[in-house]
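Could you have a look at this structure, given as C-alpha cells, before my questions?
Note that the chains take the letters A, B, C and D in the order they are written out, and that residue 1 is the start of every chain.
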C-alpha cells in the first residue's frame, strides 16, 4: 500500500525526522487559509500516488496569496499519469542550499533493508542509478543490530566528506528513517530531497513510504491512510473481497487459481493475439462466494466480452471446483460466454458436470485461451 | 541504584505488565485516605530498599480502615535492617491462588540478561536456589533477538505445564519484564510474587528493580526516583562528589586511588588488626578538590581516629599527588594524624615534600597501614 | 535421488491441528511421508490421524520423536515465530507454507537461520515433493512421477501445470521445489540450482520464474558457468504492467527492473532456452536432452 | 613472548585527540608501541604528535595504515559504538579503557564481536602491557620489566602495586593484563589464563582477583586440570560488606556469592596459593618456582 506525501511526513515526524510544517487542502480556498496561517512563501504540492509531479506542474512555488489560489485551483483536479489530484499539501518554501536523496527498501538479494543514498538529490534515484551509479551509496542493514552509529556516520561522510556536522545530520536521518521503516513495516521509504538550508539546517522536504501489505494487520490504524478515491474502483472491491486483482485494458476476463498461473494465462492470451482484461487470482478454494465476487468485479468492465476460467485442480478436486463455478455463475446474469478449463484430480467428472451447462469446457490451457479469444472476438 | 517497589511498579506498568493500582503514603492519615479510595481490603507495604519486609512486620493485610490506620502507623518509621521506613504502599489485597517468581539479571558468565523463574514464588530466590535448585528455570537472552515468542512460551510451559493460558501469561510477562529491563537499563528486575488469582488473572504483586549506575546518564528522569533520605548521608555526599565510597564501622579512614587497591588496603588494615572506616576510591587524579571532598566526608565520622592515604603513582607523578594532598589537607582543620604512602614515579621527590609537613610518610603499603592503625589506637 | 530430503528425513508439522495443517498433514501421510510429530501449543498429548503425536512445542517434538524437518502451517502473524522455534529446536530444514508473512519478519529471522545452518524453504510456497521419498507441503501428489528432472519454481499452481505436463510426457521428477513468491525467501533459485547440480540423480532442470527481482538472472549466470545438464526455463508475467503487484508480494516490476524480457534475455544469453508457452517446456526439454 | 600482541600489532587509538586519549597515546608512543593511527570524527587530516595521522573513521585508519588493534578512550556514551566500529573495520583486538560504560551496551556488543572473531579487553580496564613489545592502554611503563611472569588482574592500581613488587624482586613479566572491573567484559580471567598457558614464554602466572562473580573459581578449575606452571593468586575485598558495590561495577557480593572466602577456597582447592597480603605474592611465587 502506498501512502501520500503528507501521510509519509507524519510517519517520519513521529520518528524524529525534521519535517517542515504543512497541511493538506482539497480546495483553493482552504489552501489559501493554510498559506495565511503558515506565512508566505509556500509550496503547493499535488498529493498523488505517482512520481513525476514536478514535471507535470503539480508542485508550485507561491510567493503571494494569489499564487497560492491560482496554483491550488490548477492542481486540485489535475490528472497526473492517470491519477486525479484530490488534495494539495501547503508547506513553507525553504531556502534550499543542497539536496540529497535518502532512501531504503527491502532488498531481495541480501534479504535486508538496503540503504540507498546520494548527494544527487531531487532527481529520481533510478535516473542516478543509470547515469551515475557510483554516486549512490549503498548499505545493507543487519536486522540484529540496526543501523549502527559508525555505519550511519560512515554513510554520512560518504555523502558529505567535508563537513562532519552535516555528515552527522545525514547519518542520524538515515537511522531515523530506518526506525520509521521498521516501525511502519515499510517496503520502501524515501526522502527526496533531503535538503540543507543555506543556514545548514537539514530538512526532509519530501516523503515517500510504501507499506508492506502483508503487515497491515499489525497496523490497523493505517487503514485510514488508504486513499480509496485514488484506487481503481474494481481493484478496491477486489481488495475488500480479498482477491488479488489488477485491472488491464482487454476483453478476456481471466479467473485463475494461483498468481503464477494467472500471469502465465495472461501471457498466453497475449501470445494468441488476445488482450487479457485483468489479472485475478481466486486463490486455492472452490468457494462459490469468492467466485461470485470475482465474476461481479470482472463483469463491471463493459470491455469484457468473454470469461476464461483456468483452474489447476491440484489438491482441490476438479468436480468440487466445477460445482462452485456452476453455482456462482448461476447467481449472476451473465451475458458473455464463459470458457472453463479444469485440470487435475477428478477432471473427467468435472467435464461431465459442465456438459449440462452453458459453460464452454476446454481440456488444456491453450485450448481454453484460444476459445476465449475467439468467443470474445465474435461478441 | 535501587528503587522502591512503588517506583518499580510504575516501570513495569509502563511496559504493559498487569500491576494492581496503589499509592504511597507517608502517614497513617494518608494511608487511610488511599484505602478509602481503593476500597477494602488492602495491603499496607513498607517501602524500604532491603529485603525481608514481610518477616519484619512491614507488610500487612488490612480488612478494615482501623487496620489500615494501625498498621500504617506502626510501619511508617519502623526500622528494617537499619533502614527507616518513610513510606508505605497501599494497594488492594488480591485473592492469591498461586505464586511465581519471575526475575532477570545481567549474568557475568554468559554476558547476557539471564532469566530466572520459579513456580516457588513468594520465597527469596536465593533460598530456592539453595534448597531446590531444579525448581528454577533458567534462560540467557540473546540480545540480538530478545526473548522470542517460543522461548517465552517454553519458559511459561516449564513453569506451568498443565495450563497453556497461564503458561502464555507467564511467558508474556517475562517478555515484558525484558522490555522493561532493557528500556530502564536495569541490572536486576524481579516480580516476586507474580500471582494468579482464583479467577486465573495474572498480576505483578511486587516489583524490584535495580538500575545500572553506569547508564543513569541515559535516564535523567531517574534521578528523581533516588531516595536520598534512605541513603547514608556520607554515601550521598560522596556520590554527589563523584567518589566511590562505602561507609564501614572502623577507625582508620582510607583514601586510595583505584578500587582494587582500595579493597586491598581495607583488607590489610583488617589483617593487621585494625578496622577500616570506609572504602574510598579517589580515582586517578591528584585534583585537590576531590581530595578535600573525600577528606571532608571521612572526617564527618567521629569514629575516625587516623587517616591513611595509599596512592600508587603510576602515570600520575607522585610529587604532583603529594602537592595535591598537602594543599587539600591545608584547607581543612584536621585533628587526626594522616599517614601518606606514595609509590611510583617521582616517589623520592614526593617524600621530600611531605617531610616539611605534619603528614606521616610511609614507604610501603604495609608500613602505612601499620602506622595508621597504631596512630588510630593511640588517639 | 532428491534434494534437501532423504531417508533420514523425519517431519514435524507446526499447526497440525489447524484447518490447512490437518488437511495437508493427512496428504503428506497418505503419500508416505515420515511425518512423526505435530505441534500446536495447548494440544500437547493429543494424537493426529490416530498415529501422530501432538506436542506443545517443537523442542518437545524433536526430543520425543527425533524430528529434523518442520513444515509450517501457522497463520501469518505467528509464522516467523514458528520458524525461530523450529530452528532453535534443531530442525535442519524448515518449510514455511504460510502466505502473507510480513516481509520484515523474514528479514529478521534470516540471520537466525544462517547462524544455525538451517535451510528454510518459503514462505508463501507449496513446499517440496520428492517423488517416492517425501512430500513436504501442499503439492498434489497425484501429478508427480519418479524420475530425473529437477524443477524449481516461484509459483504454486503454475508449477503443478508444468509438473503435470512433464509427468504426462513421461518425464519423471527427482524433486519438485516451490521456493515461494515473496521478496525475501529462505531458499533462492540459486540455492536450488546448486543443490540440483550436486544431485547425481538429477539429469535435467526446469526453472519456472516470474517477474520481479533478479533471481533468475543470477541463476542463469551460475548455470552457464557451472551446470552441464540440460536446462529449460519459463517466465510468467510478460504482460504484467509495471509497478503492480501480481498476486505474489515479490511479483512486481519496479523501476524498470525485474521484467520478463530482462530475465528471458539473461537466460537465453546463458544458453538456456525459455519457453514462450508453459506447454512448450516439455518439447524444449526433450530437444535439449536430444 | 606475550599474549594478544606481537610484532605485527599496529595500533589505532579511538579518541586520540581527547584529554585522556592524547595523554596516554603519548605514553604508548614513548614506550615504542607501533601506534600508527588515531581516530576522531571531524578531525580527519590532522596529525597527532607530529607523526600519527588522524582519521574520521576507523575504517579509513585501517585502510590507510593497516591498523589491526584499537585502543579506545572515548566517553562512556560512545564507548560501545567505538567497539562496534573497530570490530567492523577489521581490528582483531580492541582494548576499551573507558570506565562507566552501561552494562547492557556491552551485553549488546558481545555477539557482534563473537561473530567477527574479535577479542575485546575491557571495558573499564588499564589495558595490556607486554614489556618490550607494546603498551596498549594506561599501565605505567616505568614499573614493568621484561620477563616470564604472566599477570592478569581485574584491577588497575592494585595491578601496578603487584607488578612493581615483581619488578623490584627481579621477576620480569611476559604480559601484564588488566581485564577490567565491570560485570560484562570481553576477555575473561579464563581467556587470559588459557592464552598464558599457550604462550611458551610465560613460565609463571599471577592472578589478581576481587569479589563478585565466579571468574576466579572457573579459572581455578581450568588451571588445576590444564596448567602446569606455578600460579599464585590474590583476592581483594575480603572485608567488603555484602550488597555494596566497591568502586568497580562488578565488585559486589550478591546473595552470598562472589565472596573473597569462596574464591580463596576454590583457588586453594585447585592447588593455587592465595596471598593474604599483596606483598606476599612475590615470596609465594618464588616458593612455587622453587
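Basically, contacts are C-beta pairs under 8 Å (C-beta built on N, C-alpha and C of every residue); 3 or more make two chains touch, one makes a residue touch a chain.
Just so it is clear, the model here is predicted, and its values are computed rather than measured.
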Common touching chains of chain C and chain A: B
Distance from chain B to chain A - Cα centre to Cα centre, in angstrom: 55
Rounded Å distance, chain C centre to chain D centre (Cα mean): 51
For chain B, residues contacting two or more additional chains: 144-145
Residue list for chain C, restricted to those that touch at least two other chains: 111
Pairwise touch network: line, ring, star, complete, or other: other
Chain pairs that touch, as defined at the top of this document: A-B, A-C, A-D, B-C, B-D
Residue ranges of chain C in contact with chain A within the complex: 23-24, 27, 76-77, 100-108, 110-111, 138-140, 142-143, 153-161, 164, 181, 183-184, 208, 210-215, 218, 234, 236-241, 244-251, 255-256, 260, 276-279
Chain C contact footprint on chain A (complex, rising order): 106, 108-109, 111-113, 125-126, 129, 142-144, 182, 185, 187, 212-215, 217-218, 244, 246, 248, 256-264, 266-271, 276, 279, 281, 284, 312-315, 343-345, 364-366
Contact set on chain D toward chain A in their complex: 41-42, 56-59, 78, 81-82, 84-85, 88, 108, 111-112
Touching residues (chain side chain A, partner chain D) in the complex: 144-145, 148-151, 153-154, 157, 164-165, 168
Residues of chain A defined as touching chain B within the complex: 144-145
